[in-house]
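Same chain, two partners: chain A is paired with chain B first, then with chain C.
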Partner chain A sequence: MSVLARQIAPSARLLTPVTTAPACLLPRHFSVLNRPQPNYPGHIPLTFIERGALAVGSAVGSLINPRRGDLIATLGEATATPYFIYRLRDAMLSDATGRRILRDRPRITSSTMPLPYLRSLPENSVGRTYAAWLDREGVSPDTRSQVQYIDNEECAYVMQRYRECHDFYHAVTGLPIFVEGELALKAFEFLNTLIPMTGLSLFAMVRLKPAERERFFSLHLPWAVRSGLASKELINVYWEEVLEKNVDELRRELNIEAPPDLREIRRMIRRQQKEEKQRMGQQTA
Partner chain B sequence: MSASRSALRPYVCSSCRHGVLAPRRRFSSKPAQNPEIYDVVCVGGGPAGLGLLAALRASPVTSKLKVALVESQDLDKARSWDLPTHEFSNRVSSLTPSSVAFLRRIGALELLDTDRVQDYQQMQVWDGETGSKISFDWAEETSPFEDPRTVATMTENANLVRALLSRIEASGDENLKIFSKTTVSSIENGSDHPDGPDLSAWPVLTVAPSEASPASTSEPPVRIAARLLVGADGINSPVRSFADIATEGWDYNRHGVVATLALSDSEAPTFPAGMRTAFQRFLPALGGPIALLPLPNNHATLVWSTTPEHAAYLKSLPPNAFISMVNAAFRLSMTDLKYMMKMKRVGEEEEVNQHDAELTWRLQHTPQPNHIPPMVTGVQERSVASFPLRFRHASTYISPRVALIGDAAHVIHPLAGQGLNLGLGDVASLSNTIEYAVTHGMDVGDLLSLERYSTERWGANAKVGGVCDLLHKLYNVPGQGPVAWGRSLGLNVIDRLPFVKGFLMRQAEGGA
Partner chain C sequence: MASRSMWRSLHYSAKRRVVSPAQYRCFSCSLRAQDQGKTDSEKMTHFGFTNVPESQKESLVGAVFSSVASSYDTMNDLMSLGIHRLWKDHFVRTLNPGSPLARRHNETEGQGWNILDIAGGTGDVAFRMLDHATNVNHDRQTRVTIADINPDMLAEGKKRSIATPYYNTGRLSFMEANAQTMPSIPDNSVDLYTVVFGIRNFTDKQAALNEAFRVLKPGGVFACMEFSKVNNDLFNAVYKRWSFSAIPLIGQVVAGDRDSYQYLVESIEKFPSQEEFRAMIHKAGFMIPGRGYEDLTGGIAAIHKGVKPLA
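So, the complex of A and B:
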């Protein structure tokens, strides 16, 4: 177990060559020595123990360093089965738009979502808001890694879709990517998608400063619970088709309230602190 | 013949000797005072009623009893019923081996059109929610060198009715009167005739030609008295109301959708050759099981128990979409099926493609077990219909001079295909009871004679009906909760225990 954890957890990417499993062998029980063929390109079949080790390892790793997006993604995949990812897929299959997404399998990359086009959209449209958010946070849609540990190829796509849409959730809610904003969004997503990783991410709360934690509990958690439970399944939004829609209208349709703007709050607090400091300086002078 | 019967002989003969002329004569001379007396009057000419008549006529002991049958439908139509070989009626029943044995005993089996009858040797039943399955066949009990043993026999009800009618006709028309296209307008207790028999405790029926028939004006109502009145008159039995027998039960709020389907040729040849299989998949999210039961020439009959809304939706679909839905119901997940049941029917063309497109797409992403039926390729025109599913059980089957058989006594959920078999079981038991009463010089209508029938059948029918009801409830719990887990565990365990499975199959086989 410890050996496995050491092998797998630090860098999941190292495992990729394992997919070339010997196919000539007679059908044998699935073990570390006899890995079945991948179900889709990039798929890495895992045994139960491997999956568990991967979940624990990636959980610990991502708690130590929350900037390790790959570990968070791995944690998401390792804990999505059983049940949760199937539930999310069934939620998509129960909805006309969700079915269309599963059938078309659109991918969100900088080539399918050209930023110049998004920036040219009218003010307050979903696409423009998304582009503005990407610019503000300095991220790109291409930073999302491939799903590799989910056995069902359709569920793997659902996970991929969730991952790629995550930035749209950020954009629509306006939450930033630093830990506080990320936590608020993860809480919201957990109640909306029920993906266990989003719930587990809330353990990162231990990393918040006391003031931030207090703000999280009084401001963002209540928002996340309210909106997460009241809103429609966000996975069923065909983002490629609503780019030109008014973002307020979309929020109303999905039944999401806009959360308090974290960057604004931070700026305000910083200004207050500065003023306080100046006043203190004046007094001492 | 019994003592009481010989004492009444003069009165019986005065009216029966003159055959058809009797009613008119009596009407003109003495207005309907003395009803004609029959030993057994059976109300209802369905499989149960006709089966009873055929059974009584087939036994040498009871063949001389004076019997009458009252049926509101036109039995001439049933007699001349005929369909081209590639068409099948949508009212089809499965006969268990013991029902088949009974039909053979009364000589009706050889009168069945065997080209329209299909045996099957295997049955696959599985849970659409969890995928756990059970298969029924007699492979455990037969050697590999024998032909596989039949699990059940599919026959159209019309074919069975026609065979029973010809069996009854073959027995001659002595002491037999069939009132076709005739309804029972009243049943009451007779009166004590001063110059005749005391019929005050006997049921006396007034029968008149059905309003629909053109002869209604010409033929006057006829009164007949019954030593034993048998109610084979269905769920709303007038005989049962006359006897004041309470009935318990409930409506399932489900409809059974039936249809006659054509199947594609299966790629894999069956082993042994000619082996046919029946398929049943439980669809907890849609309210009941879907079953595909084999008919000759690669046809099959469908019975799909589902909610009235779904049934109405299915019936409103054009043929291509209906076929896609049936194929989907044996293959796709509950989520897909629930979605497809709500798909809008935009226009004929568009909609046909829609259901089929959904099915084709979802099949690529749904792993299939290896026990699914062949693809349905066609649905017979005007064969899609539905009927409400109900549970009824009469508190008793007998009352002085009255006995209930078939649907008049019990109506059960069709998921095990046992309804008609229970009815034929009643018929076998009641005819034996009558035979016993006749050989021992007892009055066939006496409660003491009938007790035997009630004892034999009430408990047996209650058991089968209760099991079907339990299965219905168990397989109506949607989702992957503890109930689904429990029923799947149970099914898998039974599937792996040949003794338990053999016991259950023998119960189902002898359930009739």
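So, the complex of A and C:
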């Protein structure tokens, strides 16, 4: 399996077969009044209909109120089975670092990622960029909710790992915090991890202003497609070990193209608009 | 079920601090003194489907209601598909607050009723009773005291009272109290004692019933509306599936809190049947009028009544 994976081109990653039959396609043998024992602390086994209702409900809810991060999390969990989370887990198993992560099961919390230490690292390092991003957003690594609705215990950890690493993806791609940046990152994640929630989040582009939407389609989406397909699986990066590495170097190793600098673009546009206004003022004067 | 993690998450996020039961005994070296003395000596009670020490049930329930307070009415509408409004309207109408009372010769106060609404935090039953007394019975002296153990629910009720005509009048007051002991309410002082969808959360229901008996005047009415047992088997099957499947899901999507709603449906399951609860009311000393209970919507909810005997 691993030999095959190495020979397969990165873009054919999307077609690698899963190693186990997806358990949730098998008929459910429990009723909601008699749920089976949880497979891990916090696990809530759901029937197929419940999972569908949860997916629809959280999709609608998060579109109406984008501040409900917990709904985006449940959307991710409800739509990850049957195929997608197993594919991601197998992608981890096919890589040596991925296997190590699955064996060590590191968690990213404020105690395992001490912010004072990260802030003390050199300027362009992964750890420093991550800490700066957290400070700017005003969030801590503890705000990620626990996975509850994925039945397979190992896949639940994979989803948890993906969730906790999301902030690192921000750090390494350099995408800023506004909606445009988040959507570009979600597009990139979709092509990299194939988690359906990331693709479904792109429906949020209806909330973008027209200029932003045009920029999204002309700049960000092509960048996301190029980088997402060309880059290695981000889930296999052992972030705890690359904290001191230079961000640009890591980007080169992972084959991620530097994204268009959104702040620079907006500054340029603002400058152009100011010049326009001055010129109009001079003409009327 | 995720009962263990639910207990843990509610326990550690409870707004009230749980008082540690550790005992320190001076001059004693016995093993029992040094032991933390938790589970063996303490009585256990149910919190949903899990068992917890009695001393902790109050704070666990407190955490649940602090969490649901702000979306309480939205969630009630979604869970009962709006039927809870019909239930509450019917409850108030059959009690007919504000109607003329047979005055006892030693009473000097005014005509209105003195109503105590227990666990009435957000005020929907209290406001209905005041409206009924004022608009239907033209009684502007009936007053309601809303008592609730949870300050967040009371705060929600105070916020809502601003929009009613009773805000800042003597007719509506709020009180933080535990229904099991209410020393600030004198004996024989209340005409009508109501508790709506609250008593199933009490740690000791019999103690609350005894306290109700104490504060009511002779001839006063105890009225309780609570979720109960559905009498039809087919309807019960559908209802149970709705309770255990849809309600926690709606709680997750709308309120972001699956665990509180899981607790709510489990506590409904644990509540005694109509006959058992009637027996508890009788044990507190109340006289049971007629059958003692009225089923609503096939038994999903039931109104229990008791009357304190005259002398």
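As a convention for this text, the second predicted complex is superposed on the first by the 233 of 285 C-alpha atoms of A that agree within 3 Å, B and C clash if a C-alpha of one lies under 4 Å from a C-alpha of the other, contacts with A are read in each partner's own complex, and residues count from 1 in each chain.
As a working rule, a residue touches a chain if its C-beta (ideal position, glycine included) is under 8 Å from a C-beta of that chain, and two chains touch if they have at least 3 such contacts.
Remember, it's a predicted structure, so these values are computed and weren't measured experimentally.
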| query | Based on the superposition on chain A, does the combination of chain B and chain C result in a clash or a fit? | reply | fit
| task | Could you look at A:Arg99 and tell me whether it touches chain B, chain C, both or neither (first, second, both, neither)? | result | first
| Now for A:Gly42: first (chain B), second (chain C), both, or neither, which partner does it touch? | second
| query | Is A:Val32 touching the first partner chain B, the second partner chain C, both, or neither of them? | reply | second
| Per-residue touch tally on chain A - higher for chain B or for chain C | C
| message | Is A:Asn192 touching anything from chain B or chain C once the two structures are fitted on A? First, second, both or neither. | response | neither
| query | After superposition on the shared chain, which partner residues are touched by A:Ser201: those of chain B (first), chain C (second), both, or neither? | reply | neither
| Where does A:Glu154 make contact in the superposed view: on chain B (first), on chain C (second), on both, or on neither? | first
| note | Distance floor for C-alpha atoms, chain B against chain C, superposed on A, in Å, equals 21
| task | Starting from the residues of chain A touching chain B, keep only those that also touch chain C in the other complex, and list them. | result | none
| query | Taking the complex as given, what residues does chain A use to touch chain C? | reply | 31-33, 35, 38, 41-44, 47, 50, 53-54, 57-58, 61, 68, 70-71, 74, 148
| said: Quick check on the complex: what are the chain B residues that touch chain A? | reply: 333, 335-336, 338-339, 358, 361, 365, 480
| Quick one: in the complex, what on chain C touches chain A? | 1-2, 4-5, 240-241, 244-246, 249-250, 252-254, 256, 258
| message | If we count contacts the way the header does, which residues on chain A are in touch with chain B in the complex? | response | 83, 90, 93-94, 96, 99, 103, 153-154
